[in-house]
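Multiple structures follow.
In what comes next, chain A is part of two complexes: it sits with chain B in the first one and with chain C in the second one.
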Partner chain A sequence: MTPMNRRLFPVLAGLSLFFFVTAPVIIIRAPYESTMGLVQKIFYFHFPAWMAMFLAIFVLGIASGLYLFRRKPAADRLAVAAAETAVIFGLMGLITGPLWGIKAWGVWWQWDARLTMAVILELILIAYLLLRQYGGAGSDRLAAGIGIFAMANVPFLYVSTEIWRTVHPRTSVVPTLPVDFGIPLWWSFAGFIVLCMALLAARVRLEEQRAALDRLYLAVEED
Partner chain B sequence: MNEFLRVAWLVVRKDLRVESRSRELLFTTVFFAISCVLVFSFGFVRGGRAVEGAAAGILWIAVAFSGTLALGRAFERERHHDALRGLLLAPAARPAIYVGKLAGLLLLLAVVEAIVAVMVAFLFQAPLFRFPVRLFALLALGTIGFASVGTLFSAMLVRTRSRAVLLPVLLYPITIPVLIMGVSGTAVLIAPEPDLAMARLWIGLLFFFDAVFLTLALWTFEPVMTE
Partner chain C sequence: MGILRLGGGSRPAASGWGIRRLLALGLVIGLAAGVAVLDAAQPPTTAAQDGFVPMPDIPPEDQMPAAPLVAAAYAVVWAIAVGYLWTLWRRLGTVEAELADVARRIGERDGA
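Right, the complex of A and B next:
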C-alpha cells in the first residue's frame, strides 16, 4: 500500500488544487439566487464540506470494522486519518453554516434538525480523537469499536433530529437545482471530495512513517 | 442457547450477590438521581411552578446521568483483584458475560427510574402515569438502548487511563438519539393534548435503535475485550 499511496497523494493534491483554483471563477459566474443574493454562494462550499465529512465518516466506520475483525494495522491508520479529516470538514461546515444562517435566517444558530445532527456528529468524532489521545495503550481497538458505533449512529441521528424539527432546506433540493447553480456546486463537490482523499492519503502516509519509525527504534534497542 | 443464558444468569447472580452485601451501587445511584432532580428543579421552577414541558427532560437527564454513574461503578468493581480478567478467562461465551452485566445494570436502573418517575410526577405536577404502558415502553426501551451502548463502552474502558471522564465523553454523543426519542416520546404523552401516534413512532424508533445497537454491541464485545 505504501508505494501506491506515495504516488497517489501528488495526483490527488494536484487535482484538488486545480478544482480549488478554478472553483471561484465558476462560482462568480453563477447567477445570483433571487431571494438570498450573494450570501447563497456559501452553499458551494458548505454542502460539499458536509459531503466530504460523510465520506470520511463512512471510511472511518469501514476501516474500524476491518481493524476490529481482521486486525489489519493499515485499517487502523486509515481510521485515524479518516476521523481527523472528518473533524476538519465538519468544522468547515460548522463555520460556513452560521455565516450563511445569520444572513438567511437572521440568527447564527437554530436548533434545527440538520444543525443538531451536524454538531452531534462533530462531538462523536472529537470524542473518538480524545479516546485515541488520552486512552493510553490498547485504545486503538476501543477506538475501532467507537468508529463502528459512530457510523451506525448516522441514520438514527438523521431520523430522530429530522422528526424533532426542521427549518434547514432539504437535501432533496440538490438534484433539482437549475443547471446554472448545479455546475458550480458539483465542481466544488468534486474539489472537496478529491481534497478529502488527498488529506486521507497524506495522513495515512504520516501514520505509516510513524509506525516505520517505531519499528526502527525497536530494532535499534534490540541490538 | 441454554448455556448462553446460564452464563448470563450466573453473571447477574454474582452482581446481585455483591450488591446485596454492600448495596453500594443502589444507594449511591438512587441518591444521585434524586439530587439530580432537585438540582434541575432550581433551574426549571419559576414562581413556585415548573416551567412547562420541563418534566420529560428532567426525567431523562436524571436517568442518563445516574446511568453513567452506575455504569462506571459497575465495572470499577471488576477491576479489584483483576476480577474482569478472571471473568473473561472463564470458559464461557464472551457475549453472555456482556448480557449478564447488562441485565444487572438494567435491574438497577429500573429501580432508579421507578423512584425518579414518581418524584418527577409528584414534584413537577406532570401527568406521567396517564399512559402507564406507553411510559413503561419508552423508559424500558430507552434504558436498554442507553445501557447496551454504555455497558460495552464501560467494559472496554476498564483498562484505559482516564476512564472516568472518557465514559461520558464517548457515551453521551452516541446515545443522543435515545435521549431525543425518549424526551420527545415522554413529552407528547404528558402534553395537555397527548399525541399517541407520535408516541408510537418514538417507541418504534427506540425499538430499532435497541435492535441495531444491541446487535452491534454483542458483535463487537468479543474483539474489543480481547487483549
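Right, the complex of A and C next:
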C-alpha cells in the first residue's frame, strides 16, 4: 500500500463512521411508507448494502480482467480484496432483507427471481474466495474468470424485478422516490459506499503485506 | 293428637328424608352457584372450537412489531462491519509481525 493509500483508510473509516452514526437520526425523521409502515425503514440499510456490493463486484470484475489480460499482480490483489468486501456487503443484504420480508410479506424468504439470483451471486463470490484459498497453483487465473462472470451477473440481478414480476419491490422504486424518502436513502448510500472503499483499502493493504512477506521469503531462499 | 302422633311417629323418617333432600338441594344450588361464579370468572373466549373461519387481515394487536426488526437490521450492519474490520486488523497484525520477524532475521544474518 502506498503512503497515500495508508492515509486514505483512516479518512474513509472516519467519514463512514460519521455517516453511520448520523444516518439513524435522518432515517427516524423520514416519513412512514403507507403500506409497510415502520419496517420499510430497513430499506435505508438494505438497498445501500447491495449497491456497495455491486461496487465491489465491479472492482472485482475490472481488476480480474486486468489481471487476466495484462498480468498485473496489483490488479490480482485488488480483485481478492474486492471479492471479500463484496461477500461482506452481500451478507448484510441477505440478512436485512428477510428482516424486512417477515413483516412486509409475512415470510422470511421467497424463492423468487431476485432473491434466488442474489443468493447465487453470493455463492459465486464465496466460490471465488474458496478457489483462491484452496485452489493451488494457477487458481488466480481461474478465479479471475469467475470474477468477470460475477460482474456479468450484476445487471441481470438489478433488472430481475422488471423482467419477472415478484413480491420484491421493483427497481423503479428508487428513481421515483419522493424527496423525503430520498434524503435518508442517499445519506445512508454515501455511508455504505465510503465504508466499502475503506474496507477495500484495508483489505488491499493486507494483500500487499502478504505479497511483501512472500517476496522476503523468496529472497531468503535465493540467498 | 293424631297430628301430633303422626308428626311424632314419622319424625325420624321425615327428618332423615328432609335432611337428605335439603343436602341435595343445597348441593345443586351450590354447584349451580359455583358454575355461575366460575363462568363469570372465565374470560369469554373467542378461540374457534367448532371450525376455523378465514379472515383477510389480522388485528393490529396481533401483528408483529416492526421496531425490533428495524433495530436488528441496523445492528446486523454494524456487527458485520465491525466484526470484519476486527478480522482484518488481526490478520494484518499477524502478517506484519511475521514480516518484521523475517526482516530482523535477515538483518541479523547479513550482520553476522
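In this section, the second predicted complex is superposed on the first by the 209 of 223 C-alpha atoms of A that agree within 3 Å, B and C clash if a C-alpha of one lies under 4 Å from a C-alpha of the other, contacts with A are read in each partner's own complex, and residues count from 1 in each chain.
To be clear about the criterion, contacts are C-beta pairs under 8 Å (C-beta built on N, C-alpha and C of every residue); 3 or more make two chains touch, one makes a residue touch a chain.
These numbers were taken from a predicted model, which means no experiment stands behind them.
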First (chain B), second (chain C), both or neither touched by A:Leu129: neither
Chain B versus chain C as contact partner of A:Ala150, first or second or both or neither: first
Partner chain in contact with A:Leu38 - chain B first, chain C second, else both or neither: second
Chain B versus chain C as contact partner of A:Ile183, first or second or both or neither: neither
First, second, both or neither for A:Leu142, with chain B first and chain C second: first
Interfacial residue positions of chain A with respect to chain B in the complex: 68-69, 120, 123-124, 127-128, 130-131, 134-136, 138-139, 141-142, 144-146, 148-150, 152-153, 156-157, 159-161, 163-164
Residues of chain C touching chain A in the complex: 64, 66-67, 69-70, 72-74, 76-78, 80-81, 84-85, 88, 91-92, 95-96, 98-99, 102-103, 106
Contact footprint of chain C on chain A as seen in their complex: 20, 24, 37-39, 41-42, 45-46, 49, 88, 91-92, 95-96, 99-100, 102-103, 195, 199, 202-203, 205-206, 209-210, 212-213, 216-217, 219-220
Touching residues (chain side chain B, partner chain A) in the complex: 149, 152-153, 156-157, 159-162, 166, 169-170, 172-174, 176-177, 180-181, 184, 201, 205, 208-209, 212-213, 216, 220, 223-224, 226-227
